[in-house]
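Just so it is clear, A, B, C and D label the chains in written order, and each chain counts residues from 1 on its own.
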């Protein structure tokens, strides 16, 4: 009974956006603005249902873990059963709410933001498709099912990044995003193969059980874990696959907010969180390390960016790094909680930046902004809240709770990671303050931009306000024991031993917390000082770091590196192979062509290329011999006779010898 | 007269009808005949009991008694799941191709007669259970293909036609050699009988196989494998494919990619593997390597193509690599995946070639570099194009995904894990070249040339009618794969897998 | 005991072989069609010598002398004549059109 | 003593005389008269050959004076040659050869057939040689029939010189054989070999090789094939067809008899198929095997480059001789049956092909392949017929050629000579190339100027009569094959022994 309820709710959650997609895709042009609002309605519908599910989860109390289905999807043989099914537990519910909520707000925001765009209906269609795919991913109760959603969100992200694909930049960005994540997906496929081979079912619990029981032979469990993390790193833009996310900012800002800040990029974190039970300690070490390093590196790069959206993008990368750090060090809870909080405040900031860009007529360069607070107060204040949250200002912002949790987890486990994380925290606060100041404070640096700037319409500001509010209030939810309760099968001890429990105690007390606070506030203060009060002498301050700044501005030359190491070689290889294919061993062929008598006119040009490569060689030899033979056929009867008799004598000789 | 005989010879009858009917009716007759075949195929689908692994709708008639054996060569047709799946594919693709041929102008009557003859040949191959009958249909199908490419093809059609013919005949004679050996030693022409013998041979534990000597079996298997590999076409016998495709008219390319290539895979599944399980298992490693090469290499070469149609032709090489990969692995999952890949690729590639045809008709060239921004001029066309592209690069929701994942998991399970992993690379490269093509042809600024909508109208009704069903089936196969896989699953499970696993286990795979 | 009886068969065979080779050489070396014909005749007659010789020296089976060897030789002569006649006719025919009979010039047909 | 075996021969002789006389009386005024008499004679010969009782199955077939043996084998070949002669005459009357074939032409065809008839029956070296030469000499003249045509004359001279030499070589070989056999009859030879007179005799090798030379010439096998392309090209198409079919068949008959007599025919089956290449059955057999491979390969390769229809067919007929020799090399009952079967297929395919070539030459005035350009659009029927023939010659189903090839290679594999078989099969691929090229010109190349061929009703009829069996027997060849096997069963693999 209860399950049926849940099932119906889930189905609505899924069906609403799908329906929205179909309607928009087919009749979008005719519906126009109405269509856009319709999609908002469908999103709201699934939001409502998600909330109901959340309520249900809360009311169900601790250990809420419902499986709907499974429904058989394919039985590929060897007794394997590949099902699709829905799994509802704390994690799922939270993800559901986050996804639908942010998605809904972004829909509303976009109704005005995208106004006047030629492909207005398509935009909403794909937003809907994305929401659907993301929900499929979140609701999945097995890896294969999840993988389908995983790939589909990839498609939507491709479509939406490349929404303005008349221009080259979005096209390239979209392609880059798709292929980079696809590389990550190889890992996922290997994991799937391994699981399919030794488990036969992709259902999470079955897999975890098998992993625990050691049914997956030794290297492959590790490989599968790493594969999963590779996929996650691809989606969540972790080193070394982070390169696509900043470029993805070529897409419309709402897309960046929804997909490339709040939800899709978090899918990687979700995946690792979901599969934590099957990750061996070694894998967790890798996860934590990669996360920490990414957090730091991305932060450094963010320092030197001037495009408002790129700064946010890099901050996203680094925050995702924090989440992985959290998961890696076994602060599972904190990591996923950071996912949640980050979803809100980063969506907030992206939409805010969108509002700014909208207000400034698609100006994205911070150096040409400044003093916008007076022009667009709501945007500015809400944005500031976001900044404070990401910096982790204590007690009032949600960011504080989650980040603090992660850091303390790290502290409990490995000082090195902890200090890296802390450094990252300082950076975060610093460059976010830089961003805020450059955009909203000080006096306008570009009169033109400033004069035409205006506060955005209500449809855009309201979502900002809602997100700001959420950013502030969900902090106390931090240690709710039902939502985000670690899956029963996770045994943190397995990962990092007893230290982990230590981390649990330490989470919001003692030195770690004060260090974290110091990092956040200090970073903010420093940023304010440098970019606001002492901005006159900014250049002077910068000068000693010129070299470093270049490095950061050039993003550590990752793109250049890949171009040199992967892309160009691949292209060259492709062209080479093509040449090989069109004339395998052409040298040989030509040699044969030369040695053999040239093909007769009758046989025409194509004779010389009867078939390709070696086969063509055969053709040549045949032609050559044929030519030789008909050359023997000189018409001289005496020659014939001599040949015949000679051959006969030869035959005799051979007969005699053999 | 049994269903099968009807379905096979109905096109032939239609062909004769074409001969006498006025030329302008030819295309109508063709479409009607193909629809009839489609209907019959569906009826077969409904009537065939998937639970039974044996042959159904069997019809035998004495044909050439006493040749070699007492019973001699028979007219012996029957259908099991595997055959049915491919018959359905054939009927479906042929129907779409027939509709696509609606606007053929040159020598209309001859064209449609050849088309129908081809259809008979293809259907015949999939239902024939007598080796001789099988071979006859196998070759008969070459003749119309030769003319269809040679007469209605592009500028270098004669070269392409002869090349196609030579290559395939080269394969066929090796196949024939194998067939003769088999018939010689077993004294039977009937495929099921020989399969039983092979079962017995494996069960008996001797390593002689049906030819009584392992080495002879190996030789025969290699001969047959090459024979079929040429058709598939698997590396390194693939070079006929690009030329044949580029020169062939669009509908014929659709059939070529959609059905003819499948006959190679079918031959392996129906003849080569069941007859020589031991040899097949022993060759597994080599075949896996070749398949991995085909997948990765084909993808790379496709990436470097400048001609739209050539690109797609090479993508076929790459995708058909999965078929041999799955077969080489020999696990049930892998073989099911391979089969599924044949069906998926059949529909997707037919769609892709139609998509090329659509733009070629308008632009009269296929240079990828010279296109651009077509999406803004022909949005509906773009929709189908992207469906086909993404389905082909294995995105969930398209049939390609199911095929790939199943094959991968199965092949990974098999003895040649490494090569399964290597061929995974193909997935990324495939994505790369498809997206690149998508961008260069459909996205970015539209060059002035393509802006005038009179020369570049969106899809015509004919093109709609061709593309829409293909797209629907592709998506359907992606969302509800079980319904399709159930058609042939039991056959694979009960005939092929036991043989291979028995053969594999005896020598530790 | 006739003279022949005293001889062994070898000399005849050597003679015929020599004759045959002579004919062959003539055939291969001469460009004149008629000369070639003569060569052929030599070869045929070499064969005849063999036939007769074998016939003569064969161990008699039974009492009735079997003379098919000689018969053969006679027929060969006849055939050789016929062949020569036809050949000469044809050669003449060519001679009409082009008044040489050098076989090396006959190369309309080749390739 | 039963003279009935001679009835066909007698009929043919009467026919010859009748034609001569009539020709003298009518002075070529009523060509149809002489022609019909000749046709009548051929038909009569064929019929009476069929009806006359044959000995055979009971082993030691009865012979006429120990010289001629009548068994179904010889009957079959008599009929075979009569049919060929029949078609040849018809084809020539309507073909490109000459305005009206004079009586002499008919006489020559008839005497050639007469020779073949005797050849088919002869089990004695004398008779064999006689018949052999009769066929050859008639052929020489037939080739040079068109006295005005320099190419024809040249072909004639080449043919006669080449033929003369090879028959001389053969005769020398035969004389040695006679020496070994101590008699001219094949029985004697067979007995001598049985007694082991020849074992380890170098001279015997010489003899075999030389005898083979003569046959190689007749069946145009390497290395005595050189004459064929030139002669076929020079001769009228119909005559070329006659030589390609009838006299080649005759050569094979004789060869079969001789090989049978030399008792080395019993070829041991290859024990390990994958390592055995050549059959091991003594001098003659290994000679034949090698010659077979060389012949088919040389024929096919040389054909690749031909630009003239008749030359192309000439080379292809050489290649087919190679396939047939393959059967002699493996020498089994199945092989003989297959040989018979293949010859029948070969008869239809080649006669028809040469007929069409003749028509094209008559209409277009040139035998160049390019002359076919655009025919596919205009003479659909004829082009289809040609397509069928060429596919059949390639050995593609569902045509007769395939059935024949199947049986042929089956026989080869049956004896375990896999490699010989594979080489043969691959040769088929090579051959496809030139046949397909002809079809390419025929169908794929447009020619606006090319006029339609004028095709008389008789041409069409003759074509149809020859092509229909190629189609029909392609799918239902069981009867023919069964019959071939019966006939072959009559023929002792080893003379005298069953």
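As a convention for this text, contacts are C-beta pairs under 8 Å (C-beta built on N, C-alpha and C of every residue); 3 or more make two chains touch, one makes a residue touch a chain.
Being a predicted model, the structure only gives us computed values, none of them experimental.
Asks: Looking at the contacts, which chains touch chain A and chain D alike?
Replies: B, C
Asks: Going by the contact rule set out at the top, which chains touch both chain C and chain D?
Replies: Of all the chains present, those in contact with both chain C and chain D are A.
Asks: State the pair with the higher C-beta contact count; candidates are A-C and A-B.
Replies: Looking at A-C and A-B side by side, A-B shows more C-beta contacts.
Asks: If you average all the Cα positions, which chain's own average lands nearest?
Replies: B
Asks: When the centre of a chain is set as the mean of its C-alpha atoms, what distance in Å lies between chain B and chain C?
Replies: Distance between chain centres: 66 Å.
Asks: Chain A to chain C: how many Å between their CA centres?
Replies: Those two chain centres are 96 Å apart.
Asks: Compute the distance, rounded to whole Å, between the mean C-alpha positions of chain A and chain B.
Replies: Here the centre of chain B sits 36 Å away from the centre of chain A.
Asks: Just how far, in Å, is the C-alpha centre of chain D from the one of chain B?
Replies: For chain B versus chain D, the centre distance works out to 43 Å.
Asks: Note the residues in chain C that touch 2 or more other chains, in rising order.
Replies: 27, 36, 103, 106, 108-111
Asks: Enumerate the residues of chain A that touch no fewer than two other chains.
Replies: 610, 630, 633, 635, 637, 641, 645 - these are the residues of chain A that touch more than one other chain.
Asks: Quick one: which residues in chain D touch 2 or more of the other chains?
Replies: In chain D, residues 157-158, 161, 165, 169, 229-230, 305-307, 433, 437 touch at least two other chains, as defined above.
Asks: If we use the touch criterion from the header, which chain pairs count as touching?
Replies: A-B, A-C, A-D, B-D, C-D
Asks: Hey, which residues of chain D end up touching chain C in the complex?
Replies: Where chain D meets chain C, its residues are 125-126, 129-130, 133, 136-137, 140-141, 144, 147, 150-151, 153-158, 160-161, 164-165, 167-169, 171-172, 174-176, 178-179, 182-185, 229-231, 233-234, 305-307, 311.
Asks: Hey, which residues of chain D end up touching chain B in the complex?
Replies: Of all residues in chain D, those touching chain B are 273-274, 376-377, 391, 394, 396-398, 402, 406, 409-410, 413-414, 418, 421-422, 425-426, 428-429, 432-433, 436-437, 439-440, 443-445, 476-478, 481-482.
Asks: Could you pull out which chain A residues touch chain B in their complex?
Replies: Residues of chain A touching chain B: 72-78, 80, 144, 147-149, 151-152, 155, 158, 162, 165-168, 171, 175, 178-179, 182-183, 185-186, 189-190, 192-194, 196-197, 570-571, 573-575, 577-578, 581, 584, 606, 609-615.
Asks: Under the definition above, what is the set of chain A residues touching chain D in their complex?
Replies: 599-603, 610, 622-623, 625-627, 629-630, 632-633, 635, 637, 640-641, 643-645, 647-648, 651-652, 655-656
Asks: Quick one: in the complex, what on chain D touches chain A?
Replies: Per the stated touch rule, the residues are 157-158, 161-162, 165-166, 169, 202, 205-206, 209-210, 213, 222-224, 226-227, 229-230, 283, 286-287, 290, 298, 301-307, 369-370, 430, 433, 437.
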